[in-house]
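Two complexes follow with chain A in common, the first pairing it with chain B and the second with chain C.
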Partner chain A sequence: MNSAPRTATSGAPRATPPGSASAKGPGGPGGGGRARWSPFRTDPAVPPWIFVVPALAVYAVVVLYPSVAGVVYAFTDWSGVGSFSFVGVDNFRTLLDDRRALESVGNTLLLTVAVVVVQNGIGLLLALGVHANIRSRALLRVIFFAPAVVSPVMVAFLWKYVYNPEGGAGLNGVLGALGLGGLRQDWLGDPSLALWSVAAMVIWQYAGYSMVIFLAGLQGVPAELHEAATIDGAGAWQRFRYVTWPLLAPALTINLMLSTIGGLKLFDQVYAATNGGPGTASETLSTVLYKEAFVYGKFGYSTAVALVLALFVAAVSLVQLRYLRAREVTA
Partner chain B sequence: MSAATPVRPGASEPSARGAGRRRRLPRSGRYLLELVMAAAAVAFLFPVYALVSMAMKDPRQIAESPLAPPAPPTLANFGDAWSSASLGPALVNSTVITVASLLLLIVLGSTGAYYLARRARGLGYGLYVLFLLGIVLPFQLGMIPLYKLVDSLGWLGTYQGMVLFYTGIQLPFTVFLYTGFIRALPQDYAQAALIDGCDHRQAFTRVVFPLLRPITGTVIILNAVFIWNDFFTPLLYLGGSDKETVPVGIFSFVGQYVSDYGLVFAGLVLAALPVLLVFLLLQRYVIKGFAGGLKG
Partner chain C sequence: MTTGFPRFSHARTDGPGAGLPVPPGRATVSRRGLLRIGGTAAAAAALPAALTACSGSGGGTGQVRVVGVADQQKPLEELIAAYRADHPDDRFSTSFAPTDQVQTVVRTQLAGGNAPDVHVLYPGSGSAMSMAELAKASLLTDLSAQPWTKGIPASFDAAYRRDGKTYLYSAGSSVIGAIYNKKAFARAGVEPPGTWAELLDVCGTLKAAGIVPIALGAQTPWVTQLISYALVPDAVYAREPDFDDRMTAGRATFVDSGWADALGKYKELQRKGFFNDNPNGTTFEQQTSLVAGGKAAMAVQVSAVLSTFRQATRTPDDLGMFPFPAGDDAKKQWIPAGIVVGLGVAAHAKNPDRAKAFVEFLGRQENIDRWAKAVSAIPFKRGAATRLDPVLDPFLPVIDAGRAVPFMDQRWPNAEVQPAHFAAVQDLLAGKKDVKGALAQMDAAYRKKA
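Up next, the complex of A and B:
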C-alpha cells in the first residue's frame, strides 16, 4: 500500500507530532498520528458515527442477517413455510448421498478450472497482442471487451443457437463450410460435452475482461526494463519470462480471483443454456441449490448446499490471496 | 499492490505516463501480428454476426441459408420483437431499478466510507472489516432468508424490493472502493471547512464529495453493469410481475418463442443495444473502470 499521501498531510493540523502513535494500534491503515484511541472517543475532526449508520443498516438487513440465518437454516428441515426443527448435520449427510449434488460439486470445480485456465490464458495472449504497436489495437480492445458488458443470459441464448445441433446452422454449419463436417457435435445435448460447451461460452464472454486487467498490468511495465534486458541480450521469450511476467503478478492475482469466484458461483449461463442438463451433466452448485429451494421446496437442504458453496469460495479466496501475493514484485 | 488494495486518486487518470511505452516491433512482425489479431477478432465476432444476420432474416431464409447474410434483409422482426417481448416496459423497469440503486449506493457508500476512512481505528476498523466480509460471502448463502424477508414485507414484484437488494448486496464493494480512495485523499480540505464553521454534513457535501468524482465514476460503471445485467434475483423477485427487468423479460420471451429464431434474435439485439451503445460512447471510462476497479 502506498502511504505517501497520508503521511504527508494527515498529522499537520494536530498538536501531536505525526507518527508518534502510528506504530501502535490494531494495524488499521489510514488516519495515522493519533496519540491514543478508545472505541468511542470523539475527535472533532472525525465525522460522527451517524455517517455510517444508514449503510450499516442496509448491509445488516440485506447481507448480515440473511447470511447468519442461512447458516442456521442449513441445520434444519425447513420447507419454506411453517415451522421447522433442527436436524443437526442431516442435510450434509444427505448431500454426501445425493448423486446429483455430488456431481454438481465435481462439475462446478471442473467448470471453474477450465474457465480460469483458458480464460486467463486467452486474456493474456489478447493483452500481449493488443499491447503491441499494431494499428487496430483500440478497435480490438473494444471488440474483445464488449461481450463482458452484455447480460450473461442473453449471451447464453446467443450461444444456444451457435451450439445448434442441426448440421447447417451455427458452429456446426461453420465446421461444415470449412470442410470439417466430421467434427459436428450436439454441443449442449451430448452429456460428455455440455459442461465444456458452457465453459467455452463463459470464456468467450469474459476473456476480454481478463484482457483489460492484464493490459493495465502491461502498461505498468517500464519500457526501460525491456530496453535494458534487450541490451543484455535477452530474446523476446526471455524478456517476457523474466521482465513482464513477474511484474504482471498483481494483474494475475486479480484475474485469478475474479474468474475463480465467478466460476464457482456460475448460474445464469448454465440455467439459460442447459438448466443443468442433459440429465445432470452440467448441474452446478448454484443450479442445484436453486432447484432444491424453488422447485422442490427443500429450503433447509438448499441452504446447506449454499453453505458448501460459501466455504468453497472463502477457502479459494484465502488460499489464492496468500500464495499469489507472495510472488508479487514491483517495478 | 494486490486485489485488496483499492484504487487511489491518481489511478483514474490516463495511465502510462512514460512507463509502459509500447515497444516497436519490426515491420514484418507487426503486419503478421496485425493479421493474427484480425483473424482472432473475426472468429470472436462470429456469434455476433449470427445474431445480427438472423435477426434480419425471415423464417424461409433461416431455414434455407442459416449462415449466409440476409438477402434481402428485413427489419420486420424488430418491431414484432419489441412488442412481444414487452421491451419498452422492461427497459423502463431496468432503468428505474438501476438508477435508484446507484443513487442509494453512492449516498450510503460514500458517507459510510467517509466515516470508516477517517475513523480507521477501533470501532471504525471493526466495521470496515465487517463490510469487507460481504465481498467474500456469496449471496446464495443468504438468498432464501432474504427472499422470505422481502416476501413478508410484501415487496416481491416491486421496485423497492430490488433496489433494497442491490443497495445491500453491492454496498461492501462500494464502501471498499470509496474507503480506499478517501484514505489517500488529504484531510486538509475538510478540516479547513470545519474550522471555517461548516458542520460535518456541509464539509462532506460541499468539500469532500466533489473530490470523490473519479471513484464515483468507477462505482457507477461497475455497479450499473452488474445491476443492469443481473438475472438470478430479479427472476426470483420479479418473475411474472409487470416489473420484470430486461434480462428476465428476455428470458420469458425466449422461452415463449424459442423456435422463431428471427424474432428471438431481433429481441436479443434490441435488448443488448442500449448497454452496447452506452459502452461504445463511454468505452474509455468503462474499460478503465473494469481494469482499475480492483487494482492497486
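Up next, the complex of A and C:
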C-alpha cells in the first residue's frame, strides 16, 4: 500500500477543510494538557487509533468472524444440516476435476473482462459528456446514475422483458420497428449469447456508477493546467491525453478495481436472469457455489469453492492495485 | 459493487461540487458525533446476541410456526382457519416463499437449531429438502402413529416413508399431462390425441392453422423436465418396471435405456417445429399466457399449476387436461403421477404436540380432500364424499389400472441429477448436445456421492 511514492497523499485528505472544527480547536479533548495521555489525543497529523475501534468491532462480528469460521467448513463434508467429518483437501481436489466449476471460471473471466472494459469505457465517455458545459448536465447525471440505485434483481427481471424472445416484444420489437428484424435474437435462450446479454445488462446498470467516479476525478483537474496547455497550443485531444488522462489515474484505479471485484463475484443478475443457463452457458463461480450449497446440499464443497474465489479475487485486486497505483501522478 | 473498497480518500476533493468520495465538511467528526457513532456501533455489535436471545425464547409465545412453499398457501391457510375454529387457543404463525427461497430458509433454520414446528417437505429423496435427506439427518418426527398413515398405499412408500416410518404428510398426487385450450383445439378442428402418432398429426394440423401446438417455457428450469417425465413412463417403466432398482444397483444407465427414446421424441417435437420459437428464452409465465390466450394449443404441465393457468384466462372452463400420449396404444397409456409437496414436523419442534395434533387434523379424509382440491391433486386415499376436479377424470382410469409412475426424481440418489436433467434438456433444445451427450451428463450426476 505504501509502495507508490508519487501518489497524492499529501493533498486534500489530510488538510483540514476551512470552516470545520480542527483537531486542535476548542472542542479538542484534554483542554490543552499536552503531557496527559488520551486515546483521542496523539500526534495531530495521525488520526487517533480509537476512531477505528467501533468500525472494527462491527466488521469483526459481521465479516471477520463468519469468514474465518467458514473456512473450517471448506475442509469438511458438511451437508448444511446434521454432523460432519473432516475430509482434508478432498473438496479442493474435487474442484480440480469439476468440469462445470472450471467452465464457470472461464465464463466469470469473460464476463469480468467485458464488464470492466465496456462499463469503464462508457462511464468515461459519459463523464466527459456531462462534465462539458451543457445546459442539461445535472439532469443527465441523474439519469445516467439512476440504474445503479435499482436492486440488481429488479434490473434482471426488467431486462427479462427487454430480452423477451418474441418478435414483437422488448428489444426484438424495437429492432423490428427499426427495420432490423434480421438482428432479432433469443437473447437469454441462446447459449452463445446468454453470457453477453447478462454482461450488457450489468454494464447498463453500472456505467453511470463509473461515470460518477470519473466525474469526481475530472472535477479535481485544476483549470489552470488546461489554460496553460491551451496557451502552449495543445488541442482538445492533446489536453485530454496529456493533462486530464494522467490526473484521472486515481479515479481509474477505483473504477477498475470496483468493476473487477464486482465482475468476479457477479451473482444476482445471472441468477435472476438465466439461473446459469441455458444448460451451463452462463454459469459463474458464484452461481456454482450457491447451487452447490443450497440446491445440492454440499456446504463443505461450496465453502471450498467460495474460499478459492475469495483468494482469487484478493490476488487479482492486489496485483491490479500495485500496477495501477504505480502509474498515478499528482497535479 | 462497492463493498469493502477502502480507498475513496484518494479522489481529490478540492474542486467545486466534488462531493462524492469524501464530502468536505464531513472530514472531521466532533467528539459528540464520535460518541454517537460509537454508541450505534456498539448497539449493532450487540444485535446478533439480542437476536439469538429472541430466537431462543421463541417457543415461549406458544405459536405453532409453519413455513410452507408458496403453492401450499391456499390450502394451508384454509385448513388452519378450520382447525382454529375447533382449537381457538392454538395460535399459528405462517410464512410462505417460492421453492428456491423456502429451501434455503428452512435448511438454514434447521442447521441453526431454530426449526419451525411444521415445515415444507418434499416427497422421496432427490432434493436437499426431501423427506429421505432430512430423515437421514434425524431432523423429522415420526408420524407413523397417526391414523391417516394407514391409508397410504404401499406403492407410495418411497415418497412417504423411510425405513418403515412415515415422515411426510401430503394430500396426494398430481399428474403430468397436457393442459390444453379447448377453443384452440376447436379452431383447428382437432380432438385430444391418444397415441404418439395421433399427437404428431394433431400438432401438424394445429401448426397449419397458425396455432403454436405446444408452448414450452424452458427458460424456467423446472419446466424443462415435464416433457421428459411425460414420455418416460411409457418409454422406460412400461418395459422395465424395475428400472429404478437396476439403476440403484449400478446395472443400468440413462444412456442405454428408454430415456434415449424419450429424449429423442422430445427433440423430434422441436425439430418438427411444434414448440414456440426460442423455448430456451421463454419463461413459465409466458408459456402460461400463450395457452391461456389461445396463441398456443397446449402445454405439458403438472396438474398442480392448473390454478395458475385458470387465473391467466377469463374463461377458465376452456382449459382441459389429457394424458400426454407417448405410446402406440390409446388403451394402455402410462402417466407420471407424483406425490405433491407436503409437510413434516421438525424433530426439534418447540411445540411438538400441537404440531402433531394439527397434522393429524390434516390427515382426516375431508381435509385431505380439501387440500387435494385446492392444488388439483388426486387424494392418496379417497372417501365416499371425495370429489375430484373434473379435468382430472381422463387420468383416473390410468391410475386405477396401476399405470401411473412416480416422478422420476423421487428415486434419484442425490440432489444433482435433477438440475443436470434441466441443463441437459436446455442444451438439447439449444442444439449444444445430442441425446447421448445429454443423458451422459445425467449419468455422471447420478453416480456422484449423495
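FYI, the second predicted complex is superposed on the first by the 270 of 331 C-alpha atoms of A that agree within 3 Å, B and C clash if a C-alpha of one lies under 4 Å from a C-alpha of the other, contacts with A are read in each partner's own complex, and residues count from 1 in each chain.
The working rule: contacts are C-beta pairs under 8 Å (C-beta built on N, C-alpha and C of every residue); 3 or more make two chains touch, one makes a residue touch a chain.
Predicted, not measured: the structure shown is a model, and the values here were computed from it.
K.L.:
Would you check which partner chain A:Ile231 touches, where first means chain B only, second means chain C only, and both and neither mean what they say?
P.N.:
Neither partner.
K.L.:
Which of the two partners, first being chain B and second being chain C, lies in contact with A:Pro165: first, second, both, or neither?
P.N.:
The answer is second: A:Pro165 touches chain C but not chain B.
K.L.:
I'd like to know which partner A:Phe294 touches here: chain B for first, chain C for second, both or neither.
P.N.:
Both partners.
K.L.:
Tell me the contact category for A:Val46 with respect to chain B and chain C: first, second, both or neither.
P.N.:
first
K.L.:
After lining up the shared chain so the two structures overlap, which partner does A:Val130 touch, if you call chain B first and chain C second: first, second, both or neither?
P.N.:
The answer is first: A:Val130 touches chain B but not chain C.
K.L.:
Quick one: name whichever of chain B and chain C touches more residues of chain A.
P.N.:
B
K.L.:
Identify the partner contact of A:Asn275: answer first if only chain B is touched, second if only chain C is, both if each is, neither if none is.
P.N.:
In the superposition, A:Asn275 contacts chain C only.
K.L.:
Figure out whether A:Leu140 sits in contact with chain B (first) or chain C (second), or with both, or with neither.
P.N.:
So A:Leu140 only meets chain B here.
K.L.:
State whether A:Phe157 touches chain B only (first), chain C only (second), both chains, or neither.
P.N.:
After superposing on A, A:Phe157 lies in contact with chain B but is clear of chain C.
K.L.:
Looking at A:Leu258 after the superposition, I want to know if it touches chain B, chain C, both of them or none. Which is it: first, second, both, neither?
P.N.:
A:Leu258 sits against chain B and chain C alike.
K.L.:
Find the residues of chain A that appear in the contact set with chain B and again in the contact set with chain C.
P.N.:
Shared contact residues on chain A (touching chain B in one complex, chain C in the other): 8, 12-13, 29, 40, 51, 54-55, 58, 61, 80, 166, 209, 212-213, 215-216, 219-221, 250-251, 253-254, 257-258, 261, 294, 331.
K.L.:
For chain C, which residues are in contact with chain A within the complex?
P.N.:
These residues of chain C touch chain A: 1-2, 4-5, 7-18, 20-22, 24-25, 27-31, 34, 37-38, 40-42, 44-45, 48, 100, 103-104, 107-108, 110-111, 128, 133-134, 136-139, 218-219, 221, 277-283, 286, 414-416, 419, 422-424, 426-427, 429-430, 432-433.
K.L.:
Using the touch rule from the top, collect the residues of chain B that touch chain A in their complex.
P.N.:
Touching chain A from chain B are residues 1-5, 8-9, 15-16, 18-25, 30, 33-34, 36-38, 40-41, 44-47, 50-51, 54, 66-67, 104, 107-109, 111-125, 127-128, 130-131, 134, 136-146, 148-149, 164-165, 167-169, 171-172, 175, 183-188, 190-191, 194, 200, 204, 225, 228-229, 231-232, 236, 246-247, 250-251, 254, 261, 264-265, 268, 271-272, 275-276, 279-280, 283, 286-287, 290-292, 294-296.
K.L.:
Which part of chain A faces chain C closely enough to touch in the complex?
P.N.:
7-8, 11-13, 16-17, 19-23, 27, 29, 40, 51, 53-55, 57-58, 61, 79-82, 160, 163-167, 186-191, 206, 209, 212-213, 215-217, 219-221, 250-251, 253-254, 257-259, 261-262, 274-275, 277-281, 291, 294-297, 331
K.L.:
In the complex, go through chain A and note every residue touching chain B.
P.N.:
Result: residues 1-2, 5-6, 8-10, 12-13, 25-26, 28-31, 34, 37-41, 44-49, 51-52, 54-56, 58-59, 61-71, 73, 80, 126, 129-136, 140-146, 148-154, 157-159, 161-162, 166, 168-170, 173-174, 177, 204, 209, 212-213, 215-216, 218-223, 226, 250-251, 253-254, 257-258, 261, 264-265, 267-268, 271-272, 286, 289-290, 293-294, 299, 302-303, 306-307, 309-310, 313-314, 317, 321, 325, 328, 330-331 of chain A touch chain B.
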